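The following blocks contain the structures, represented as structure tokens.
Each of the next two complexes has chain A plus one other chain: chain B in the first, chain C in the second.
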Partner chain A sequence: MTLEHVNCIYSADTNHSVHALKDICLNIDDGEFIGLIGHTGCGKSTLVQHLNGLIRPTDGLITYDGQDIYGKGFNRKELRGKVGLVFQYPEHQLFENDVFADVCFGPTNLGLDRKEVELRAYEALHAVGFPDEDFYSSPFELSGGQKRRVAIAGVLAMKPRILILDEPTAGLDPKGREDILELISRLHSENNMTIILVSHSMDDVAGYAKRLIVMDHGSIAYDDVPQEVFRNVRELEAMGLALPEVTYIMRTLKRNGYDVDDTLTTIDEAVDAIVDLYKSRHS
Partner chain B sequence: MIREITIGQYYDEESVIHRLDPRVKLVATLVYIISIFVVNNIIGYAFVALFLGICVALSRVPVKFIVKGLRPVMIILLITIAFNMLLTPGEILWQFAVFKISREGLKAGATMALRLTLLITGSSLMTLTTTPNNLTDGMERLLKPLTYIKVPVHEIAMMMSIALRFIPILLEETDIIMKAQMARGADFESGNIFKRAKALVPLLVPLFVSAFRRANDLAMAMEARCYRGGDGRTKMKPLKYAGRDYIAYAVIWLFLAGCIALRILL
Partner chain C sequence: MGIIETRKLAYEYIRRDDEGNVSGITRAVDDVNIDVRPGEFIAILGHNGSGKSTLAKQINAILTPSEGEIYVDGMNVADPSKLWDIRQRAGMVFQNPDNQIIGQLVEEDVGFGPENLGVPTNEIWERVNESLKMMQMLEYSKHSPNKLSGGQKQRVSIAGVLAMHPKCIIFDEPTAMLDPHGRKEVIRSARALNDVEKITIILITHYMEETIYADRIFVMDKGRIAMEGTPKEVFSQVEKLQELRLGVPQATLVAYRLKQAGLPIPDGILTRQELREALKACL
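Presenting the complex of A and B:
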């Protein structure tokens, strides 16, 4: 999937026009795990809605499998099955009487037969770790974390090749957050699904994403592996972003004369580094 | 697509018209509407249109924006013209089977279209230049005398401002929900009328749920701040007439007088 010089301007002819995307060029390969990061209002949600044809770019070209998604005869409904987008709030999509029926909505729209639809819904709910006994309870009575699982399952049931999640951890407690991130990382490793994880928190993406795209005021500021991106501490902080908390701890340790790697981004790596340091000092 | 509707929207800009007291604008709009129906000849309409043009220019709202707001009512306008043209009896100009166009009908249709356009443009200028809060504030003050005959003016004004406040929120929410369902392959644009009506269920259910949740939250927030209706409640920013408001009043009444004069004299 590629984007070439994509621009998006909201309310173009008025005095409150917003240049939401400025000349975005992007190439997304199969099997990538991308973290899309940026401060609130930087255009990340706008960008991901371009990827499955929900917003038409004011200017520029978007291709999927080498085909222009606004070209003649291109089926955008089919595209939305291949590029699955999970919105931030599950409340915006849950509407059926029970969870199972709600998950069936996506595959039914793809025109599959009943049997295939139900099979996919069942698989999807299993994949997100949703308990069997709650299949027929109302989606409105679930907890925040469970609702989000159902919302993700609703998109997974369409068997997308690219899965985009817009702030999937917003409003969840630490446990629920961890669970959802683990789930996403499992989908990536087991099904080789391309993942784009949108977030404003570095802690969310640092441990999982292999490529980080940082957006600021509608343009791409950085596009690199996490360790490289995190070298630009000052610039990131000026954009209203922070490094993962662990990285700050490692940086403080280094500044105080301890010989540790200050570009570590996950808690596990940091624990290992500190334990190693402790051992080497006491042996 | 929903964002295209501009009727009743506020257009933020610094201008004389924007700064006018909302009461003045309400009264002026009413007078203006009366004047549209007072004038009955071409010079009269030209006079009204000129007045409106000056107001639009003063308000600094782009003409493009106002014209865009007229688009949704175009259909009503066309239907009105068609009915007037075809159904008014009189001297026949053109006839085809049962359809006849008379000179009187043509004239009535044109007049109606002109009046409606002036009416809609004029009243949308008021909403474009007045924030919903100011508008309901002004209305509350103007209708205050009605409290003596036990009309709950404050409560009505409060309900109105809440309703107006929620329009953009619910529109935005509708937009997001539509997108979220379209991302799951929902189709709102094709199929026959039954299919389309059925396609609205995935849109309306989340919308209603969220509207109720918001209403609940709002009621809670109002109670938490001890809201208990209008009795003895004071305003943080009470409405006060300034010099320009008196001038505006003078202008609008002179305008009405001019319209009446044009009707009598010509």
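Presenting the complex of A and C:
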């Protein structure tokens, strides 16, 4: 998927116009795991809604598999199956009487036959680790984390190549957050699905994403591997963002004269580094 | 007498089928006995569905207990004649700022509470200005709330509660939808109200880092209080918290893992500064 010089202006030609996306150029390859970060109102959600054709850019070109998604004869309905978007608090969109029927809704709309729809719904519920015995429960009787799994399964059942998740861990308890992130990571590694994880928590994305795109005021501020992006501490903080807590810990140690790598982002890396340091000083 | 006291408090959600017969009962709060002293800062942790919000809603008389009693500033919440006094005394700030802001202008929104209490007009404006000043939002008093950032909106919500001159404020996951900067703003405000104005704070959250300055932490599980103590006491029990689907602050987790790896690190580390000091002592 590519975006070339994409601009989006809300309420153009009025005095309330908002320039939500400014000259965005982006290339997304098959099988990437991207973290899309930015403070509230930076344009993240507007950007992802452009990717599956929900919002039409004011100007610029968006292509999927080399084809202009607003070109003549391009099937945007099919695109929405290929580029699956899981909105914020997706459980608010559950509406059917039972879980299974809810997950069937997406593939049914793609015009598939009954057998294929049910097969996909079954596969998708399995993929998110949803227990068989609850397939016919009302989605409204489930816990927050389970509801969110059902909502994600509803998108997976359309067999997307690109899965975009907007703040998928918001409002979940720590274990629930970890479970959802593990699920996303598994979809990526086992099915080679392209993942775009939208978040304002660096702690959430740091352990998983291999590429970070940071947005600020509608523009792309950084687009690089996480370790490189995290070098820009002051700039990120000025944008209302924070580094992963672990990185702050390592920076504190380095400032106090310890010879450690201050760009580490995960607990495992940090613990290993400090243990190595301890052993080298006590051997 | 405490500002909030519960005795054998219980709340049951009752599900009914189409004919109105009881089809299931969920005991969301079960035998809770707590005593909150005036001026305390209390944090409540617990996984999704552990009963935190149900407990909070009873303090504010949105729900009335199925069994047991709850007293707010000496008033029994089951007494309908005390309803408005209780809601004035114990204000509530919810998760989603967009669901609790109703005014066209910031100052109108903040004035809504005292107006409902029948406060004379002159005094309403005094209270509005004073509350907005406390939340450092006075310069926005003539702005439209929907143009503000998430953190600013939450501060307007808090100002709206403050204008009712409460003795206690209950925050139900006030930062779940905010970016890191907004989260900091809200937590800082809550701490300042506690420190300077001596308002009792009850903070419900899924972010462990936000609770390290609390006087006491209650951990809920299956509607009961499963753990209780100072942050140091509670976060020293890493394994027990993980069993309850919770975590510990990142600095605490690094310290715990280092200790497991054989480093002489004391229990009860909560911040990166404390971790730095502990490492200085042993490296």
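The rule we apply is simple: the second predicted complex is superposed on the first by the 281 of 283 C-alpha atoms of A that agree within 3 Å, B and C clash if a C-alpha of one lies under 4 Å from a C-alpha of the other, contacts with A are read in each partner's own complex, and residues count from 1 in each chain.
Simple rule for what comes next: a residue touches a chain if its C-beta (ideal position, glycine included) is under 8 Å from a C-beta of that chain, and two chains touch if they have at least 3 such contacts.
Keep in mind that this is a model prediction, so the values were computed, not measured.
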item: First (chain B), second (chain C), both or neither touched by A:131; value: neither
item: Partner chain(s) touched by A:106 [first = chain B, second = chain C, both, neither]; value: first
item: Dominant contact partner of chain A by residue count, chain C or chain B; value: C
item: First (chain B), second (chain C), both or neither touched by A:172; value: second
item: First (chain B), second (chain C), both or neither touched by A:281; value: second
item: Parts of chain A lying in touch with chain C, wherever the complex brings them together; value: 39-41, 141, 143-145, 170-177, 200-203, 240-242, 244-246, 248-249, 252-253, 256, 258, 267, 270-271, 274-275, 277-278, 281
item: Chain C - residues contacting chain A, complex; value: 15, 46-49, 95, 149-151, 173, 176-182, 206, 208-209, 242, 245-247, 249-251, 253-254, 257-258, 261-263, 272-273, 275-276, 279-280, 282-283
item: Chain B partner contacts - residues on chain A that touch it in the complex; value: 11, 13-16, 49, 52, 54, 77, 80-81, 84-87, 91-95, 105-106, 108-110, 140, 154-155, 158
item: Touching residues on chain B, where the partner in the complex is chain A; value: 3, 11-13, 62, 64-65, 173, 176-177, 179-187, 201-202, 205-206, 209-210, 213
